[in-house]
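What follows is chain A paired twice: with chain B in the first complex and chain C in the second.
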Partner chain A sequence: MKRLFVKKNLAGSSLFLPVLFILFLFFLLLPAIFPPPACAQDPAALRFDDYVLDQAGLLRVEEKRELASLLADFDQKTTNQFLVVILPSLPPATSLELYSLELAEAAKAGRAGKDNGLLLLILRDDRKIRIEIGTGLEEKITDGRAGRVIREILAPAFQRDEYYPGIKAAMLNLMNRVDPSYAPAAGGGGFPESDGQNLPFLPVLILVLFVVFFSLLDQRRLYRRGYSQTTFGPVVFRHRPSGGFGGFRSSGGFRGGGGGFRGGGASGGW
Partner chain B sequence: MKILTHNDKNRIVQAIMAAEKMTSGELRVHVEKKAGKDPFLRAQEVFQELGMDQTRERNGVLFFLAVEERKFVILGDEGINNKVPADFWEETKEAMAAEFKESRFAEGLMEGIRRAGEALAKHFPYRHDDIDELPNEISIS
Partner chain C sequence: MQKYKGLFIVLGIVFFLVFGYVYYYNSFITLEEEINGKWAEIENNLQRRADLIPNLVATVKGYASHEEAIFTEIAQARSRLLGAQGVADKVQASAAMESALGRLLAIAEAYPELKADQRFAALQDELAGTENRLSVARLRYNEAVKAYNARIRRLPARIVAGMMGLEAKEYFQIEEAAREVPKVEF
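Moving on to the complex of A and B:
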């Protein structure tokens, strides 16, 4: 069957190459036309690669796969969904806090009803890190803990350009917080796929991601559950899942603040 | 630019201590010259810098003043915010602003502390095992 299919394609090869080229251009230009898309998958449809979305190329293919299989293993054994999203930069006209929340919502990190998701967002060019924590995990991972993971594990590693070791160490640390009995599968998960097979998989994955993203664009509003409501006064910021964040500039750009507050209040002048 | 005398500060600290006797919640006052940005956002940073987001029941309340910009913010953490009526912070703000407009800063703060203290006492009554999680002082930077 497969052979037949290939032959058919070859027969129409006068069309095949230009179409391929246009498709290639399309994908090349997509990030420029649209801001970096949300990691928007249905958890039911999550495949091992979906736990990690690296649009900034900080991870090598094997690193990404290892990380994804670690996260998948953790999900399978404990039902907690940890996601890692790496983007080149923050889209214009949004804030880190709001955007990472929207990402977490769009990706539907965590199981429905349990809200036990965690999303690590890394913005390469902005040099920003944020950890978004589902309400179901807040007791186990306090904002203080998330802040410490950023300041003490991620930021120092990133300064040394050790992205994968840093992310992996951070994830293991957080996993241990959530479920101390969890032990990662030996050898980084058994996904028996060679690099050769893996490479053509990437464009397919990207295509799937974009399709899912566009199909979710309209629905996204549904998932905005009220983490930034204006209840009183003009600038009230009130959101549920929250995390610490910090930059990872070497010149002391660490800011613990930003994510710790999730109450309400009022502001005025005199 | 000094809006609180030494005596004022003592009275405010007394008010905080009196209020905290009735509740497991935490009250703090932080005064700054300039917020330098949206005071509400700055107040959130201060909230975290002061470790106010670390209370067990998330029931810290911060009064933040940016003196030169004549702005102030009341922040109540999630625990207390979920309990009080929707207009609670706004009403407290109005009461405080009325005093502040007369340059009665200590009175305004004490009024805010009294109101927030009452709300905290109602929803988070003092427990015998309660420890004062944060220092009772006015922080100034």
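Moving on to the complex of A and C:
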């Protein structure tokens, strides 16, 4: 035993293992230290925090807000998450169908179990349109219907440069297909001053800090008593809704519920 | 205590081996089920396409009844696809079907009245949607196969896979020739 140790030392390898270990760690962490450059058009790089994402400037600010509030209203009343994404053009080396599927999945449109998301993708310069339909909505919006909405509502309106009216009419048409009983909020989707924006910031912040503080305190106390923290954890943290709205989200915000897509929908152009 | 040292070591090794076997066994089963699920999705879409075809053919016939050759070709491709067994066979039959459909749609281009038909437009959308779902299903199936194949070939999982008699699964691959089929575009 002792001889072995001596031998090792003689070989001058007392530093060898630690160095090897550090090298190993380094290579392991390499991707974390130098992350691969994120492509601007990479679906994962886009931030889906609203129902409408317009990077091509086809919609005016108030139009975008109105559309978002219509979609948010529809989501709240029927749980179906419809999104509108407008981009300047398709990134190279991808197809419209593949890209819109990636977008829909990155945005996590629709509720997890219901797969009831829908994504309308508009590419300004390519003059292309795609309606991506969540697996759970395929029965209600068949590919043929989606194609018809593109051909008869979106394309003619876009040809007249009427982007907002076209998108809104298409969305209302699709909403009607999904839930005929749905009636847009007063004024046909007119934007009610969203209560989220009027939510006073400071009191909310204080409330949040309060909750966090006490939940930490709570956990520590429970620890000391020897309880398992999971059973007695603060309600706020345990019940994270898988979709829908957390406690303090404004009504304009969007949070994907993780619905599934499998390539249903239709493509078109104008 | 010293007396049992050997026994403990042996027991430790046995436990380690059994644990490893069970672990890999379960992971293979999970991956295999994943593949089966994705394959079922492909089959669903092949079936859906086959179901759409009679409607499509009927609509085209209403405007272009004299294009007999293409109708027979489609009918043949369809029955071949419905009768195909196994991955390789289905891949081939599916490619033949795609090429026949491509020709049918190319023919339809020559009939403005047909193109203006609402029903035909809707059927084309359905068909394009099915093709797209099929390609997505194919992609996901191939991803699942890739994960599985990589898993069973890597050591030490490979040893367990060998004991279970598992083999690499086939990809759903379309030959280059078949890929040049006129695409269903709108």
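As a working rule, the second predicted complex is superposed on the first by the 137 of 270 C-alpha atoms of A that agree within 3 Å, B and C clash if a C-alpha of one lies under 4 Å from a C-alpha of the other, contacts with A are read in each partner's own complex, and residues count from 1 in each chain.
By definition in this document, contacts are C-beta pairs under 8 Å (C-beta built on N, C-alpha and C of every residue); 3 or more make two chains touch, one makes a residue touch a chain.
All figures in this text were calculated on a predicted structure; none of them were measured in a lab.
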{"item": "Touched partner set for A:Trp270, first chain B, second chain C, both or neither", "value": "first"}
{"item": "Partner contacting more residues of chain A (chain B vs chain C)", "value": "B"}
{"item": "Partner chain in contact with A:Thr142 - chain B first, chain C second, else both or neither", "value": "both"}
{"item": "First, second, both or neither for A:Leu101, with chain B first and chain C second", "value": "second"}
{"item": "Which of chain B and chain C A:Phe21 touches, first, second, both or neither", "value": "neither"}
{"item": "Touching partner for A:Arg151 - first (chain B), second (chain C), both, neither", "value": "second"}
{"item": "Common interface residues of chain A - those touching chain B in one complex and chain C in the other", "value": "142-144, 262-269"}
{"item": "Interfacial residue positions of chain A with respect to chain B in the complex", "value": "142-144, 231-233, 235-238, 255-270"}
{"item": "Chain C-touching residues of chain A, taken from the complex the two chains share", "value": "97, 101, 142-148, 151, 262-269"}
{"item": "Residue ranges of chain B touching chain A (in the complex, touch as defined)", "value": "38-41, 43-49, 53-54, 58, 69-81, 86-87, 89-90, 92-94, 96-97, 100-101"}
{"item": "Residues of chain C that touch chain A when the two form their complex", "value": "41, 118, 121-126, 128-130, 132-137, 186"}
